[in-house]
Amino acid sequence: MQAVVSIIMGSTSDLPVMEEAAKILNDLRVPFELNALSAHRTPEEVEKFARSASDRGLKIIIAGAGMAAHLPGVIASMTSLPVIGVPIKATLEGWDAVLSILQMPPGIPVATVGLNAARNAGILAAQMLSLSDTELAGRLADFKKGLKAKVVKANEELRQIKFDYKADA
Amino acid sequence: MQAVVSIIMGSTSDLPVMEEAAKILNDLRVPFELNALSAHRTPEEVEKFARSASDRGLKIIIAGAGMAAHLPGVIASMTSLPVIGVPIKATLEGWDAVLSILQMPPGIPVATVGLNAARNAGILAAQMLSLSDTELAGRLADFKKGLKAKVVKANEELRQIKFDYKADA
Amino acid sequence: MQAVVSIIMGSTSDLPVMEEAAKILNDLRVPFELNALSAHRTPEEVEKFARSASDRGLKIIIAGAGMAAHLPGVIASMTSLPVIGVPIKATLEGWDAVLSILQMPPGIPVATVGLNAARNAGILAAQMLSLSDTELAGRLADFKKGLKAKVVKANEELRQIKFDYKADA
Amino acid sequence: MQAVVSIIMGSTSDLPVMEEAAKILNDLRVPFELNALSAHRTPEEVEKFARSASDRGLKIIIAGAGMAAHLPGVIASMTSLPVIGVPIKATLEGWDAVLSILQMPPGIPVATVGLNAARNAGILAAQMLSLSDTELAGRLADFKKGLKAKVVKANEELRQIKFDYKADA
Amino acid sequence: MQAVVSIIMGSTSDLPVMEEAAKILNDLRVPFELNALSAHRTPEEVEKFARSASDRGLKIIIAGAGMAAHLPGVIASMTSLPVIGVPIKATLEGWDAVLSILQMPPGIPVATVGLNAARNAGILAAQMLSLSDTELAGRLADFKKGLKAKVVKANEELRQIKFDYKADA
Amino acid sequence: MQAVVSIIMGSTSDLPVMEEAAKILNDLRVPFELNALSAHRTPEEVEKFARSASDRGLKIIIAGAGMAAHLPGVIASMTSLPVIGVPIKATLEGWDAVLSILQMPPGIPVATVGLNAARNAGILAAQMLSLSDTELAGRLADFKKGLKAKVVKANEELRQIKFDYKADA
Amino acid sequence: MQAVVSIIMGSTSDLPVMEEAAKILNDLRVPFELNALSAHRTPEEVEKFARSASDRGLKIIIAGAGMAAHLPGVIASMTSLPVIGVPIKATLEGWDAVLSILQMPPGIPVATVGLNAARNAGILAAQMLSLSDTELAGRLADFKKGLKAKVVKANEELRQIKFDYKADA
Amino acid sequence: MQAVVSIIMGSTSDLPVMEEAAKILNDLRVPFELNALSAHRTPEEVEKFARSASDRGLKIIIAGAGMAAHLPGVIASMTSLPVIGVPIKATLEGWDAVLSILQMPPGIPVATVGLNAARNAGILAAQMLSLSDTELAGRLADFKKGLKAKVVKANEELRQIKFDYKADA
């Protein structure tokens, strides 16, 4: 099975955040791979990865990083594939990671999602792939319907709560 | 009993914050309802709710949300009823929720209260309703008097504390 | 003509911001008054004003202030009328005014609008008054319809712009 | 010519920022359209647009907004097409727009680019479309090569500068 | 014993922070009193306190408050005695309290100390009183000498630490 | 005439801010001196100044500085006289100066006033001196009365403004 | 063994952060010393230390401090040796320490590393010393190679994780 | 003349900031070179530069960048030479550049100076080089003496200012 999405992180300490991207891609049946790469500790491996990504059949790269988070931007500078950046909260409430990923200079965009929002990164990747994959588009549509379930369930629980002046549901 | 205030939240995880609005409305004998609605997961339900709110007899809507908190503003764009927004702290110390609710564009105000300040949202709703409900105004005035009790009690406790150079109380 | 809304500011240097509240109330035919009061320079006048506001027939108070902006909160502590706070940008990008108004302690809410958003404060006041004034509610509904005009006009202007790869409008 | 990218903004005051997206799409020969829509002033039009976007042949939506910037997120909640959000600086240095777009809740991602970075939004859209359009991919690769020209030219200019202790270039 | 410093707080929940001011004043033998007052819940008591402070023999007022912390500024507007403000961290990392106390408008200064720095507030009060009390000045000088003890002790502890490449102390 | 307040700044570029302290002290007839000292460029002069300040008859030191503003804190570490710190805005909106002055460690307080608020620093110095100078206390009381004049004048100007729905003043 | 790096901190409460600098210097066989000095509590000792540092054979000073962190800058003002500053998080998420160290005025640089990043301070010191010590340069090169090991190990761990749609590693 | 310091920037738009580093190095007679390199637009050139820097005789690299400023960190990951990072203000008041450079992950330090502080970067480079160049150390010592001149001159100017209550200088 050929991976079309590559999920990259700098160390396994980022795994609890980044595995949410893997889980949703798995649920949506999008083949993916997991890689450890560091913009600063393994710059050659990052370059090798980025330069060969398209030839290896990858379509989208999801890169998570914390602090001065250069990984998503560095990869984006070496490939024309869309790169989705996940800022990971490590210090300073995560502001360093958010700004280091979001504020890319002209010409080299990174599609940034919210702090620690790896699950949203996976969904965004699936949305991009759905543009030329109608079956995936269908699974995504089902997924979006499922999002309402939590809200419906919440309403049921709110109905249980008793107050004297609460109106009848 | 017809609800005049509707308290809205996106999920039951917001309930520990938002139930403070329900409690104070209950104490002030203002009929209210609790609803789960999500600007992003159930946009049709949000619209249906907002469009029919006035016809259903609602006077004021209290909406709490965290992160990129669109719920209060989206409802405000679909009704002329006053909407009170409660930013809920979820990440980034709550700055995202505060700014997403407070900084509404010209023409569509949201009456924003402090971070997690659902109790104040309930009091504010009661103040608005008191403009045409003198009995409620009386109960509110009593409530305001009660606020001093805590300060009086604090003074008594401070008087117990012993220091050599503390002046006689 | 009895004012039902009082617009308060600390000095005439705040007038360019705060007169937007006056203009929209004027357009919506809501009787209002303009006052200069300072939480720090005229504390007795502030108290006299706040204590008598309801008896004088006022329904809503709009208070704008910058820096350590205490005026809205101080007034809110002395009346049960709804107080709408307008943070005015003077220094530190306005963060001081936003937080000094928004983050009121439990029991004393201020309905805060966005930075310099006096026009939204006026609209919010009209929304509160509409709860018991159906004619004003009608004018507000007309106003809300008018908000779309700018967007429609924007669309027409966007249609004029020529690019080779722009789709036919 | 069928638009595949729709560039959306709330008013023509956002055009100086957002036309950079149009220009780069034009340069890359990607058919696009320009629309004025407001999450708060024209919620019905936003919904109509978002619900029909895919059927109309659109592939990607670029939405720019300032302040409490709800437009990108609201559209993302009503379509499975990828939505690229452009925070526009209007007040508070743009922090409100950045956080209102970036920090979307789980399930509804917005691919956020930097503050006022509409040009990067256009490039990101082209990167997504290139996944199934090899000719566009070629043009994008050419574009990326062109990015170096500015740096080469900068080097030539730096060589002109005279200092006694500057090494020979 | 006549109090010359009054330490004010809004509730006993602020006591763990504010008692540090009491402790250092006690150590320096400066007669003080402890009071609970709230700018918003007991505005009349605040006024009565501030207006009579000087006549009661008070010289300096130390006021601590959190959130939209109006207490120090409100008191400063009603007396010419120096008011020392202690921002107390309650939410938003304490930024709201810092800005609400520090950024007072022209004419009404509050001598602000760091976040939760009630001990420094007590020392600052003693420094002011020392201007006309040479015995207190002597005790303060002794206190300042004592500050070095902690650093000397730290040096001794650092000397115990063993590393191969640590130089001999 | 013996100076009792010393106003210190790092360079004449700070004079437009700091001369406001001189002006108000002059108006209140408090003898003062102006000095240029830099915590980083003239550390010996700073030490000489701080160590001899009390012996020279100085009572209070007002120190203004921008960026990583160490001057007020460094002086405070070398004297027991009260030091009033004025953060001066130079970069980063002034946040660096505010935090470098306000957040002094335990034992060495600096009485911090708002950003660029040298006038308030002068008033605060006068308030401290008034504790043992009843004539100055009288002039300060007169000054405080004068603060109301601006508000009264503002009210007169607001009365001139014409709107159809403005209530009669 | 003559220390060439001096690691300075204000109290032993900073040791858990600052000992990381000692550990890496020890690993790289760079002779160092540990000192407790406080810009505010022991200003004379700071001066004595800084003035004699070069004569004592020290080459580089690493100074860690929290809050209004003046220690690195004060030392830098009294020596021409490179000073590396380590902001230590104590309050306000560490923003006060970062800005008080980083934003030094023109003429007196401090080489600032990230929040709590004492280990990086030690590495930076070793990099500076390597400029004239080829053996140390060799050990540093080995160290840099070792940084990849963690990433390689991370990759092995990621390969263990099982998902249905995960590509074969 | 062999350059020992390389000053790098992404484009000539950064030159007005970065030439301050060149000027001070020139004044201190430190041979330097100026280069344009972009972490994102010319990643191969960055790598080639960084890998060969030491062999070419460079001792120190000064890299300036704005926004998500990856250049200093990327170079630091590819060489063991000390890298001095200069955050350049472009947007968001420069916070993005500060955090992207300062908050480097463990193992790869960047010696960060203040926002736009290229002159301090040059001085810091000279301080590092002085460790093994006593002539340069002498010129640096002279330079440091010169820093006082501005403060002395400021004092003379302050002496000219006339106020009635200004003490005799």
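Order of writing sets the chain letters: A, B, C, D, E, F, G and H. Residues in each chain are counted from 1.
Here is the rule we use: a contact is a pair of C-beta atoms (placed from the backbone, for glycine too) under 8 Å apart; a residue touches a chain by one contact, two chains touch by 3 or more.
Just so it is clear, the model here is predicted, and its values are computed rather than measured.
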Any chain that touches chain E and chain D: B, C
Given chain B and chain E, the chains that contact each of them: C
Counterpart interface for A-B, drawn from B-E, C-E or E-F and sharing over half of its contact pairs: B-E
Distance from chain G to chain D - Cα centre to Cα centre, in angstrom: 40
Mean-CA-position distance for chain H and chain C (Å): 47
Chain centre separation (chain G, chain H; CA means) in Å: 19
Residue list for chain B, restricted to those that touch at least two other chains: 10, 38, 41, 67-68, 91-93, 95, 102-104, 107-108, 114-115, 147
All chain pairs that touch each other: A-B, A-D, A-G, A-H, B-C, B-D, B-E, C-D, C-E, C-F, D-H, E-F, E-G, F-G, F-H, G-H
Touch list for chain D against partner chain C, complex: 1-3, 9-12, 15, 19, 22-23, 25-26, 29-38, 41-42, 45, 67-68, 91-93
Chain C - residues contacting chain E, complex: 10, 38-41, 43, 47, 66-68, 70, 73-74, 76-78, 91-92, 95-96, 99-105, 107-108
Chain F-touching residues of chain E, taken from the complex the two chains share: 59-60, 80-82, 84, 98, 102-104, 106-115, 117, 119-121, 123-124, 127-132, 137, 140-141, 144, 147
Of all residues in chain C, those that touch chain D in their complex: 89, 93-95, 114-116, 147-148, 150-155, 157-159, 161, 163-169
